[in-house]
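Please find the structures below.
One chain, subunit A, links the two complexes that follow: it is found with subunit B in the first and with subunit C in the second.
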Partner chain A sequence: MNAIDGTDRQIKADDRPPPSLLAIVLDTNPHAWAHLSSVLPLSAAISNLLVFINAHLASGNANEIAVIASHTHKAEWLYPTPKDNLPRRRPNGAANGDIEINGLPKEPSVPENPNKYRQFAVLENAILSNFSKLLDSTTERDLASTPTTQVGGALSLALSYVAKSTLLHSPVDSLAGDNPLSALADSETVHTARVSLTSRILIVSVSGDLANQYIPVMNSIFAAQRKRIPIDILKLAGDTVLLQQASDATGGVYMKPERPEGLLQYLMMAFLPDSTARRSLIMPSTSGVDFRAACFCHRKVVDIGFVCSVCLSIFCTPDLPSNLCLTCGSYLSLRSAQIATPALIPRKKKKKKRAGGTDSATPGGNTPAGSGTPMHA
Partner chain B sequence: MSEASAQYKKQDGKLSLSADGRTVSWKSNSGTLPPLAISVIEIQNLQQTPATATKASIKIVIQKPSASQPENHTFTFTSAAARDDQQAVTGALRKWIETFKAQNATTPLPSTENSGGPSAIGVPTQTVAASTKPEEDMYGDARLIKDAELQKSLLNSSPALRQRFDQALREKPDTISISQFATQFWATRLHLLRSHAAERAQSQGTYNVLSVVKMHTEDGTQKLSISKEQIHLIFNQHPLTKKVYNENVPPMREGDFWSRFFASRLYKKLKGEKITEQDAPDPKLDKYLNLDDDDEHSRQLTMTNVPHFIDLEGNEQNHSQRLGNRPDYTMRPNSADKVPILRVLNRMSEKMMADVPSSDADPHAPVGIDEETYQQLRLRDLQRAADDNRIILKIQNQDQFFSAEQGLHTSSSASTYTKRSPAQVLSALQHDFQSISSGKSKTAGLDLEAAIGLNNESSSDEEGSSKKPRVGSISARTGATAQINKAIRQRHSQDDDYSSSHSIASSEQAAKLGLSQSVFDTLSMTHNTTVEFLHYFWTVFYSGDSERATEVQKLVETLEKSLDRIKAVADTAENERLARLDKLRRENESYTQRTGKKKKFDPSTVKGGAKAVNEIMSPLRRAIDSATQQYKKIRQDQMGQIADRTQPNVM
Partner chain C sequence: MSASSSQALEYLELLPAQTHRKLYEQPSTALAVFRCMLPHLAKTIVMAMLYMPGPFSASDLDAWFRHDGKRDKDKAISVLEQLHVITARLEAPRHYSYKLTEGFGRSLRQALTGSGTHRSFGVPAQSTEERVSTDFLDDYAQKQWENMLFYMVGSTVGLAATNALGQDVGEGTKTLLRVGDFVKVTHGRVTITRTGFTFVLQEANAQVWSLLIVYLNYAPKLGMSETDVLSFLFMLGSLELGQEYSISTLSQTQVQMLEDLSAFGIVYRSSKTSSTFYPTRLATTLTSDSGALSFSTSNAKSDSEDLTSSGTGATRGSASKGYIIIETNYRLYAYTSSLLQIAVLSLFTNLTTRFPNLVSGKLTKQSITRAVKLGISSSQILSYLTSNAHPQMQKNTPVLPPTVMDQIRLWEYEGERVEPTNGYLMKEFSNDHEYKDLVAYAESLGVLIWKNDGKRMLFVDRLEQISLYMSKKKSRSE
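Up next, the complex of A and B:
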């Protein structure tokens, strides 16, 4: 075609890095923040986070942000502001997804400041007002009921939002690809599948005791792993078990600051690069991941657990009521899985042989038979 | 198989053992007695007269599943070599009995009433079980661990493993016997043994010889090198050559024959190449050109197994012929001269495949359809469905475990939270949040610079007296930077992230740590063996066998010795580092003398030494410490128990 009419129809493929969506899950557990207030008050943390968000938005024209508060009794959107009063699905079904994202028209008045980029101001306004609404709605009863936070729910919200945004960014016609003129253009234009949006999730966590949400969080981790969404963890306080696994499984960054006061520095240095940039960087992830799982019966994090061979539930003790799995009711013979007590005194004198310790004495043949496989986590 | 003349109930006859070893049968010569067949599986006892007795006879005691009493059969060998016959028969019988016993020990006797359906007629159902059994055995854990020859060959094929094995063997405590040690060593490496066994079981098949043998020119003359095996293969694959060779070689010399053969048209024909006018004619060999190389069709026809498509009886049900299973068009006679190479190659492959015994079938199994195939071919649509034997997974609602409320008092961090009441928490948070909410003026919004503590930078710089670290202060930020940089450096040195997929050579790693290659190698060796002993320690430790208590004790000593070994390596590394430091210092001095200028010299910039060694060995140290500590603790407890028990006034 080029040869015929003499024009050059080379179409410049878009080779910029794809826009990046950052979903931040902010743990707003009031217990933990009150505990932390002497070192890092929540207000300071929020303003640091705002700066970080601005930096993220500024580093790419098309970059997006979503902020979710994981509160004690519920997970709540901070940004974008959800439209509660709208019916869930408009009858004509048009552009349902867009409304939540850029629902600007009904936005409460954003203060005009000539020294502030308007988008930043809008975002700041939305986050602060949504958060104050959340705080106002929190009652003492909510706080008294639980010491921890709904990180599982917040993660699910983040993941679904990421999934929706990815859909919205992906080209409408899969055949035409991202180049609408590709049908016209000569075949010499190389066609590569382009990633339309890279996403990552950052969890700013302050609470411990996440083991009771082991299953929902684990499910979210697996979903993120499958969708290649790195989950970054900034652990300001609390024990680490579950979230460390999240970052490790998804290839995210895990940070437990020694100096929480330097929050902004941590955010900027460790968490600003998006997945495109991370390919060429060495990320500061700590080694030594705690891979332990929580048991199903007491939600304790276990060193050695017992796994039901049928439904893979984990138990911390082999003494199950009538040897039935608590989840699926299968009969398990866990006795054989018990480890023999070490006998370290050579029998010099005549002594009664101690009970127990009847396990096979061959090295190597020590894999306990039976259906209760011990899991060393 | 083996057959011998033997008397049974005073009648002359022949005693024979079937080829698959399943039955012993006796047939009367005169026909006065009905032939007797004994199933070897049912044999309970086998007795023979001692070698000194005049009569050579055997007694077979069988127990039929249906009969309550065992039956006796006595055979007396009558031939001139009666003693030899007796030995041969009992030897063979004993062998088969053992084989069947070994099988029966693991596989339950296949029941003849096979799930109600009719069995394939005339096929013993046991063969199916028999043919699969030996294979599983070959890769069984117990067998692999005992196979010293296999282990030796694996060690020989993998130098790294050999090194590790030798090193661990050298340093093992004396109380552990070599066989114990080997068992332990291989127990963790069964997969390696298994793959090696599988690898060894493979052997190379025959190949197309004619295309391999090539003339090559050397000093202007044509030379031909051909091995004995190759000649043998040529005769095998091309029987025509054998004929030509037999008929011509006495007049011709062997070397001449082969050089003529490889230049001849016959060779080209056999190889499948086109014969052109340029090819020199050879009066002697050309006369064989029109003979067919395929006179071994006869060999294929004598096959024991009749293929379905010429099996007339089978054709009643198998209509492959009608559906047109003609040979490929390249293999039909008429197109022969056009593409000879295709035919030759195809035929070659056929021959080669015929020579290879199939590895997945028992050569002794009876020919024909086996039970499994028969079951597959049965029309099952018309039968009633079998009972569903799947396990139904009944998942109970997991919420009952998880929503079970976790009160403020049950959690680990809760204790720290209880200092404040929920009301206090809420008001504190709201008050704190007010500070930024009120800070944002109606017109300008939140002043972020102030909020992150940048604006009053000057005031924070001159402090140092204020105790409380302020959010965003310089010291906090440098602290954060230092932590991140440290993490990045650590990650970089470990190289275990997937961004650098290529593995870094150990020399590079050593250089990064500031250690010399030899120290690094010793270090990794020490690490390897220590891990080996840790493995062994924990297995013995948890074996719960008081017989092995001394073994554990010795192992603990070995582990402690490992610590000394690490220390020795650290010392070497430290000496190296000091030597390097000395050298640098001297260089520095000479530089100062030459130029008169002083250069700054910081000893801490020289990496390596004991510090580096201890740093990378610290996990191992921790492992050893925890092993010895646990040992000591439990030992002490048990000592205490014994002391208690020896007291007369217990309880």
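Up next, the complex of A and C:
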């Protein structure tokens, strides 16, 4: 009689892994690629990436892909090709234009090649043409203006795409099709239990210092963390604290290959397994993560800084213009006595705690009562 | 891996190594096997090895897996070995390494990069005449397929004479259904069999595969080569819907096949002598998962056409649009006007009322036991109801009311107390260690049915992997 036990009601033993969406953020910073060109030219990297994308699509029938270029001055979609931004009203107002971005571009120019799986051909065509369009539109002035890359923007594009696809995938959504806003509204409560799409973001990064984008990137990281989207980092060149933190906080893979020319094997082995496969694999991750933050005023990575007591913004210097927080505008004032050794207060506390049990004669003469909250006034 | 492809996988596994090797020469086949036949972890392993310069040693592979993933790893490796995708080699005593079979690796690489001149992904025809629209193709496929299903179900239920549906089924199809033991013909009257029921209650994609597997088994009798047939099927799965393809590169066997396939509605040809063909949705979803997922989502292929194609009530549309509502009082409402769906429902439901767009009835003990007597199992009924549940029902977890699910099972169990399983009894182990080891392996493969530790006996339903494992172990210990 055990066979009809009510606990076993899920007859549809669906052992098939859920479809997985891979959003790739490709850092196309020309400065960095030029630096890397002797080892791994951009063209080779892209062709390797295309094979990897094909492999990802082949790994699951419903797998999806999104590719975003984070260029020097803007973040640009490589795939799917965005529909032209003109606000086009559909005849029936109910249909949501959101679905459109999900569609393949109906490009008539895809060459018919009997040696190639059509889905792959369409994708490759779209990525390459979008990419060359991006490169053609880049002017020297754009390049000269900044040496880094818009990874923050690209990351938020990826996140928004992931969020949208997740909504489109959840079973409930198919019936709420004509009212997408209601689906959005209760997404937190209803959809989380039924999410059938696993997503991850892969950042192929070559640029070094990204501290100037600390705030947008950090916000994206927190969003990804909340949505349980792992951010994988493939760091081909340079090194940045920020991306290490991204992969660490979201449980993604972090890899800095010693030999970038073997890009494809790294991709295939470390970055292809989706979250279903990762459950049974040992994935590479960073051992020592640098958790230092960048200050909000000069975008410098700081060891010791000042924190706004209202909004928790970090500053490297206490000399704020007219003593107002740059982020929230609260009035912050530090007395000169405290400015001298601001970081020593927490350190002293720690020492005291440790020493407190054994040694009561603390140098400095502070009374134990005063250690909790300094009450100098 | 879905239920549909697991049938095909079972069939593929039993093929000899030479057939596999020949199959893998076509990149489209290698890609299709990879995409829909392999378990998820096996794909991961294959992809990791694809561009690896040397062999992958077994100890490295072990190190890559977490401890609790070992069971899945064993399963994946055993499937890969059975399909001859990877081969194990003894490098040194007690040291194995795995290597991708050369042909498979090369073909898969070609498929991913799109290189070579194999022309295995179909040669698009430069269409001269007017192109056929995808709507037309969907209608065509749906009509042909429903006809066939109705041919099977209709007469059993007694609806056969009411409609022209199910009349124009080709002789070849009828023969095939008989050979596949889906129907029995006694005195000119068609009765559906147990396997037939299983077939009808499956989702469309699984149905296509079951039929094609029967076809494959039957092919040698028609003088067709199995390899040719298989690789053509895999190629069909990688074609584009709505695109016209030329038959110029097809072999004799494959041209012959086209005729049969168009009778099933898997491909469409404007005439029997036409030099081109169109794959229908039945074909293009061969190597992908069917069901709601591939229909309503992912790529644009099935974006806009889908809404128009599903129509009122059809087998294909029903995969994405459920129509059945069941209440806790066993009442059933089905929003459909399709005769086929009504016929299927009436196999296990006591239908009472029919409206233009709705039939209603009740699941009763009688109706369920009648169905069980006909050879339908409760799990088949439940899975049919679940997969066709109305969107409003699908919001619930579990989808069906638990009381109804339990009661349907109980009704079935009233009649059945014993369940036979074919398999092999293994006994007389020389020591406890050997016994325990084998039990653990059998368990990890999922073939262990029963064991008795005291008597050191175990019962498995499949032996191939076990015997391979034992001989390997023997050679290792020597």
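Criterion: the second predicted complex is superposed on the first by the 259 of 377 C-alpha atoms of A that agree within 3 Å, B and C clash if a C-alpha of one lies under 4 Å from a C-alpha of the other, contacts with A are read in each partner's own complex, and residues count from 1 in each chain.
The working rule: contacts are C-beta pairs under 8 Å (C-beta built on N, C-alpha and C of every residue); 3 or more make two chains touch, one makes a residue touch a chain.
This one's a predicted model, so the numbers in the text were calculated from it and none came from an experiment.
> First (subunit B), second (subunit C), both or neither: which does A:51 touch?
After superposing on A, A:51 lies in contact with both subunit B and subunit C.
> Looking at A:279, would you say it contacts subunit B, subunit C, both, or neither? Reply first, second, both or neither.
both
> Once chain A of both complexes is superposed, is A:161 in touch with subunit B (first), subunit C (second), both, or neither?
neither
> Is A:315 contacted by the first partner subunit B, the second partner subunit C, both or neither?
neither
> Looking at A:269, would you say it contacts subunit B, subunit C, both, or neither? Reply first, second, both or neither.
Touch status of A:269: both partners.
> According to the stated criteria, A:116 is in contact with first (subunit B), second (subunit C), both, or neither; which is it?
both
> Which partner chains sit in contact with A:17 here, subunit B, subunit C, both or neither? Use first/second/both/neither.
Touch status of A:17: second partner only.
> Any idea whether subunit B or subunit C touches more of subunit A?
Partner with more touched residues of subunit A: B.
> Could you say whether A:77 touches subunit B, subunit C, both of them, or neither, answering first, second, both or neither?
Once the two structures are laid over each other on A, A:77 reaches no partner at all.
> Just to be sure I follow: which residues of subunit A are touched by subunit B in one complex and then by subunit C in the other one?
Comparing the two interfaces on subunit A, one with subunit B and one with subunit C, the shared residues are 51, 54, 112-113, 115-116, 121, 124, 264-265, 269, 279, 282.
> Contact residues on subunit A for subunit B in the complex?
Touching subunit B: residues 30-35, 37-44, 46-48, 50-51, 54, 110-113, 115-116, 121, 124-125, 128, 131-132, 135-136, 138, 140-141, 143-148, 207-209, 212-215, 238-239, 251, 255, 257-259, 261-266, 269-270, 279, 282-287, 296-297, 299, 310-311, 326-330, 339-347, 351, 353-354, 356-366 of subunit A.
> For subunit B, which residues are in contact with subunit A within the complex?
145, 180, 183-184, 186-188, 391, 393-396, 398, 401-402, 405-408, 411-414, 416-417, 419-420, 422-426, 428-430, 432-433, 435-437, 440-446, 448, 451-453, 468-473, 476-481, 483-485, 487-488, 490-492, 494, 496-499, 536, 539-550, 552-553, 631, 634-635, 638-639, 642, 645
> Write out the stretch or stretches of subunit C touching subunit A in their complex.
1-2, 27-28, 31, 34-36, 40-41, 43-44, 47-48, 50-52, 63-66, 68-69, 72-73, 110-124, 238-240, 243, 249, 287-289, 292-294, 296-301, 303, 320, 379, 382-383, 386-387, 391-392, 394-395, 397-398, 402, 405-406, 409-410, 413
> Looking at the complex, which residues from subunit A come into contact with subunit C?
Touch residues, subunit A against subunit C: 1, 3-4, 6, 9-12, 15-17, 19, 51, 54-55, 58-62, 64, 99, 102-104, 106, 112-121, 124, 168-169, 171-172, 174-175, 193, 196, 264-265, 268-269, 272-273, 276-277, 279-282.
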